[in-house]
Amino acid sequence: MEENKSPSFQNTLGMVPGSVVYVGKKHSGDLYVDVFDYDKNFFDEKELDQIEEAYPYIDSKPITWININGLNHTEAIEKLGTHCNLHPLILEDIANTEQRPKIEEYQEYLFVVLKMLYFDENNKLSIEHISFVLGDGYVISFQEADGDVFESIRNRIRYSKGRIRSMGADYLLYVLMDAVVDNYFNIIEVMGDKIEELEDDLFEEQSNDDITHEIQRLKKEILKIRRAIFPLREVVNKLDKSEHQLIDKKTRLYLRDLYDHILQVHENVEIYREMIWGLMDMYMTTISNKMNEVMKVLTIIATIFIPLTFIAGVYGMNFENIPELHYEYGYYILWVVMFVIFFGLLFYFKRKKWL
Amino acid sequence: MEENKSPSFQNTLGMVPGSVVYVGKKHSGDLYVDVFDYDKNFFDEKELDQIEEAYPYIDSKPITWININGLNHTEAIEKLGTHCNLHPLILEDIANTEQRPKIEEYQEYLFVVLKMLYFDENNKLSIEHISFVLGDGYVISFQEADGDVFESIRNRIRYSKGRIRSMGADYLLYVLMDAVVDNYFNIIEVMGDKIEELEDDLFEEQSNDDITHEIQRLKKEILKIRRAIFPLREVVNKLDKSEHQLIDKKTRLYLRDLYDHILQVHENVEIYREMIWGLMDMYMTTISNKMNEVMKVLTIIATIFIPLTFIAGVYGMNFENIPELHYEYGYYILWVVMFVIFFGLLFYFKRKKWL
Amino acid sequence: MEENKSPSFQNTLGMVPGSVVYVGKKHSGDLYVDVFDYDKNFFDEKELDQIEEAYPYIDSKPITWININGLNHTEAIEKLGTHCNLHPLILEDIANTEQRPKIEEYQEYLFVVLKMLYFDENNKLSIEHISFVLGDGYVISFQEADGDVFESIRNRIRYSKGRIRSMGADYLLYVLMDAVVDNYFNIIEVMGDKIEELEDDLFEEQSNDDITHEIQRLKKEILKIRRAIFPLREVVNKLDKSEHQLIDKKTRLYLRDLYDHILQVHENVEIYREMIWGLMDMYMTTISNKMNEVMKVLTIIATIFIPLTFIAGVYGMNFENIPELHYEYGYYILWVVMFVIFFGLLFYFKRKKWL
Amino acid sequence: MEENKSPSFQNTLGMVPGSVVYVGKKHSGDLYVDVFDYDKNFFDEKELDQIEEAYPYIDSKPITWININGLNHTEAIEKLGTHCNLHPLILEDIANTEQRPKIEEYQEYLFVVLKMLYFDENNKLSIEHISFVLGDGYVISFQEADGDVFESIRNRIRYSKGRIRSMGADYLLYVLMDAVVDNYFNIIEVMGDKIEELEDDLFEEQSNDDITHEIQRLKKEILKIRRAIFPLREVVNKLDKSEHQLIDKKTRLYLRDLYDHILQVHENVEIYREMIWGLMDMYMTTISNKMNEVMKVLTIIATIFIPLTFIAGVYGMNFENIPELHYEYGYYILWVVMFVIFFGLLFYFKRKKWL
Amino acid sequence: MEENKSPSFQNTLGMVPGSVVYVGKKHSGDLYVDVFDYDKNFFDEKELDQIEEAYPYIDSKPITWININGLNHTEAIEKLGTHCNLHPLILEDIANTEQRPKIEEYQEYLFVVLKMLYFDENNKLSIEHISFVLGDGYVISFQEADGDVFESIRNRIRYSKGRIRSMGADYLLYVLMDAVVDNYFNIIEVMGDKIEELEDDLFEEQSNDDITHEIQRLKKEILKIRRAIFPLREVVNKLDKSEHQLIDKKTRLYLRDLYDHILQVHENVEIYREMIWGLMDMYMTTISNKMNEVMKVLTIIATIFIPLTFIAGVYGMNFENIPELHYEYGYYILWVVMFVIFFGLLFYFKRKKWL
């Protein structure tokens, strides 16, 4: 989870390139490794204690999916990397949760970095770093912490639902990536709801500074989501275009479909972004509208009563010779005059549509 | 109709890729299938009860157009897909109303996804998902629901108007796509009218929050329209450039023309978009102008009467020795003074162009 | 003239592609056809009654320029199209005033669509659709209505000024296009004047809503101009790059020059566009400045007289025991106090630079 | 100097293409021609009376630089053009001060158009049109008027400073262009100073409309600078990439360096542009801040004295039975009450941070 | 340090191209040269007095890193340049602190210009110009002044940490560039902190003009950072793509990784840029909110007391015949009436949510 970048940046400064350093924050206590080993007719699922126990599965024939939770266990990652002959820079990227989504093609394997997005219990966006290594007959997935979006895939393998058991490791990689991307739609949907909520708040009475804060918070979230999602377009496109021997021709069709989904996410993110930016303008006009209303009330009251008060003031003067004061009905006539002024001004404001 | 995305996103999460799931909302009761079978000299039109009845038409020689309404009848779509040998991902895209416009070229057929746009009875934009499969001698169109923009095409086939009966299935696909795109001009026109209406409202007296709301609504609509229309550019361009054997050279000229129309729609959408964004600024200045006017009225009234009231207050004081009070014409002189002040200030405001 | 798009869009919906339908508004009564037939040593100018009379000129050897005014005479256009072997889609584009600028290359001819821009007597922008067909030894120009920018070209041909008489039909096409583009500089200049005028208005006293309206009108005009001019860049570039046998190598140099002019128009349009958008901001600050000034006047008056009025009020109270009232010079002392307050506040505002 | 485009646009409308028409404004009285003739060991500098006197220099072997001031002497330009075999369109571009920067490659020569920028004595931006013709062993520069940025180059040739005397005419062209580009840094610097000055003004007390005007003026200047500078990037890139035999391989390194400088100018212009646009926002917030301050003063004064005045008014009423009026210390008690209210409100505003 | 560009621009105007002129400001007293000479088994570190002492190291076999601090010692740079056969334009770029980041490939060496960014003790951004020359077996780094980000690299060489001692000079170049880029993350982080601080300030009570100033300052800083960082993308990409024989294939993988880091910096800069621009809007709404609040207070007070004051004024009039004045409880009744008005208005404002 890369909520706060400060400590992580610090940790890697001045490091030897290729150093495997975990810069995230979510230190899951134990290393968690589980293995799915399967082909069309065979299926085995194991939870391992030691990373070394995974080696025979990788080397054996059936398709193997090894899922590792806990990027803070860097020695285990390094051991596995050595066994699978992974380049040191790859191991660095697996542990470096700051790494942006990317794909790297090596002779013997493919390396993909993605970001899983969640909204946590406080409705705050949290980002989990996830990497995949696709080798000959195996996929290894490295997750920062427990909890993922792969449960339905596990069930598909377990109960042999769909094509998955009859396809290769490249299809498994596709399916895993697809699950990550599908989950983005959830995220986008929550963003959409948040925007709509805020829009409603704008037109109701709410404490004002909160709204500015909330808009700013949404802006930051959408920018984070963009940063996590946008490089994906290039990643999947590269994967689709790549001539790597590990990617089967049949899988390519599915990758194109995945690319389509990413474009869709892309578009939605852009639309929501524009809408969030628009919220600030809306808010501004709402404030101005309210001020306008306040001003009108003040103006109406002041404009009506200031002249009347002046008149009252005139006849409160102590000149010896003010003839009106001595008329018997002077007081009543004055009330009539003041009523005329009062209703005349009301009528004027009515015509000006201020009332 | 993809008004509200929430339920649809949910439905497909964790699905096996290639699953044919209808995620739209408009559940037309029955499946509706009709067939147009024609060539230069022959014409037949049928409404079918079962999807299986369509097979002989597809396999027969004359050009066949099969139109299917009701994407919720996924089993029928799957059956037809199996008969025509369509890839599972295609079937998924036919039923997935969230799919953005695209074109997919397969060995034996072309697959095109478009969006039909309508304004419904409440003047709300609604989007209908439509897909076309162009095979050897046939076009199948899949519509979400009843009602389309193809009536004039049906008549052209029925009464052999224009070139349509003497051209191939690729020309039919062009004509169908052209009808969808032509309809966009209607949509754009309605948007133009809405913008003009709103502009007029801005300069008249209207309840204010409604206008902000209305502008926000227009923004969302134009963004939706963009999302539906923009990928089309690439779709038609790809279709035009494609070397697929199903597209005749003669039809290519028409596709280029279609591309031209799409560019035109494109430009108009962009212009209207800029104008809608400009509305917010206009609205803001309008509010500010009104506030300015309100402020001026207040200022004029207050500035005139506050000094006068002060003078009246002065001669309302009860000092024993205020010589002015004992002048015989003191009261009248004071009125003169106050009139001078009154008209002096009026003249000052006049010169400042506040009146 | 495509002022109002509504009727035109409607007219073409559901039409057979390639239908020649005039969708403009300016119905010039009669068809007007005139012919310039010339080469280095020969010159003939005729006004024709029937479109058929033009055929011999087209087929004859000297360079022929046929100018046709009145796109509503669609039958005549169709007849000529048949004689020159023009594709139906071309004829549709000639009559369709909504068609954006473009170039189409066919085996035997080139087809170019442009827009002529005018400011009419009410200073409103009006757009005229104009198309050119360049064939072997002839140019046909189709104008919506009478009145064009070609008078100087006619004189150059008549009096054999410059190179025109010794060059081919491709040079004639260049010269005609150049005249259209040159005229854009006039249009841009008028826009520049309008912007400057509006800027001046902003700083003088003017009825406010008019300015917002005027800015919005300018925005629309510049967007229309952009739409008419921007596709031209691609048109001339394509023409320059094209290897079509009808374009002589010598003419290409002139086309490059034309391209240069279009870039220049382009740049100016963009600059004026930015300036028009900036006007809204300027206007906003101007309003705010005025409000600020109004507020200051109110604040100064109110802030000075409200305390004074309070003091007068105090000594207008009827308490039995107010010793000040009985001082012989109490009244005069109070005046002194009030003057001190008055000038003290004036001095305060002076120091705050409000005066 | 192309300050005001109106007359110039008019002058060229309807002209035969290739006409040499000077459209600028700065009519230097006499034609001014001077010649630098040099090679490694030889140097000659002459001021010529007649353009024809330049011919032998051009045709002779040593490197020749002919500088011509006074584009209004179009006949002289045409004569020289004929001698050097220049294309009529080139001659048109030399005299047409509206021509944007460009490069044209011909078989026997290269033609480059640039803009020299100055701030004149009133600190107004003025643009001078300058063109270069690079032929075999000579460079001809055409300037609109006297005064240029080449003095240091003249000295380098005179006193054989640096490489210039031992390099070819292509290097001379580079050196001249480099001088023009170097001068842009001065221009940019002045713009930077103007922006900073304006920023300072924003925070001090200044007459307001002037600032809006000034910002608008800066916007126009930066747009003009952009228009003069931006095409240069392409010009130098083209020159660098060109395979023209007149450009030596050794000079290419210097051209790449020149390209670098242009990029740097480019970046600075863009940054200043963003900053100027930002000034408007800054100004807006400054106005709002001031209004806020004004409002606070008004509110504080009004809010304190209005209730006090009300109280004084109450005890100024003439009811027969107002017991408070008869208390001996009523008046003093009231003063105490009013002081309490006064300081209570002051304290309230203090806590609200309005004071 | 290129804080203020004015003097530097001036210095180079009119210079002979290829002149080695230091235009920076930080004149470190003495030239500082130190040498690291190493291979897998050998290590030597020396501080040199004369630039000439470095020659044997460069010519010897082990990898040599020569670091030079003090660009104002231009003669030393020229001497070294002559020894290493560097092009004069390269020497000019080494000393010209205005030079933007770039890479130049020559036959025998590679030349890279970067910018080191620091925040100095006043938290002001300062930029240091740094260039690298990669030759056969050596890297020379030219720094403007003392102090750099290479300390950890020195230790890695000294204590043979990581791969560095067993790799070539190209890897050393990579490591040095990597250190510069890694440091950018620190800079970005500080920018992030500053933005957050400013955001917090916005919602608290602060002197207003400072915030506008501060936002403007941040804008300028982020623009400077962009200018320093953005060209890097192209630099590293070119280095990665280059087929230069000095770059080993193994090092290329590391360069790709460096490219990745630069993209990440890039993205962060863009995000912070958007956020800084957003701050201005936030500030604007904050001001408006405050003004709205001020207005409400004024309106409430004025609206309540103006009518009450009017009533008091009425009964302060001196008409002979005002019957109410003679009622025994008139005064008390009036108080009741005034309380009713008072609380009625309070209730009205409560319902309007102004309180």
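Of note:
As written, the chain order gives the labels A, B, C, D and E, with residue 1 at the start of each chain.
One rule holds in what follows: a residue touches a chain if its C-beta (ideal position, glycine included) is under 8 Å from a C-beta of that chain, and two chains touch if they have at least 3 such contacts.
The model shown is predicted, which means the values in this text are computed figures rather than measured ones.
The two sequence copies subunit A and subunit B touch through a face in which the numbers common to both fall below half of the numbers used overall. Annotation: 43 Å between the Cα-based centres of subunit B and subunit D. Averaged C-alpha coordinates put the centre of subunit D at 26 Å from the centre of subunit E. Of all residues in subunit A, those touching 2 or more other chains are 284, 288, 291, 295, 298, 302, 306, 309, 313, 316-318, 322, listed in ascending order.
In terms of inter-chain touching, the protein chains here make up one closed cycle, each touching precisely two others.
With the ring opened at subunit B and read toward subunit C, the chains come in the order B, C, D, E, A.
Contacts from subunit E toward subunit A in the complex involve residues 151-152, 156, 161-164, 174-175, 178-179, 182-183, 185-186, 188-189, 192-193, 199, 203, 253-254, 256-257, 260, 263-264, 267, 271, 274-275, 278, 281-282, 284-286, 288-289, 291-292, 295-296, 298-299, 302-303, 306-307, 309-310, 313-314, 316-322, 353-354. Looking at the complex, you find that subunit A touches subunit E at residues 5-6, 9-10, 12-19, 87, 89, 92-93, 98-100, 102, 104, 205, 208-209, 212-213, 216, 219-220, 223, 227, 231, 280, 283-284, 287-288, 290-291, 294-295, 297-298, 301-302, 305-306, 308-309, 312-313, 315-318, 322, 324-326, 328-331, 334.
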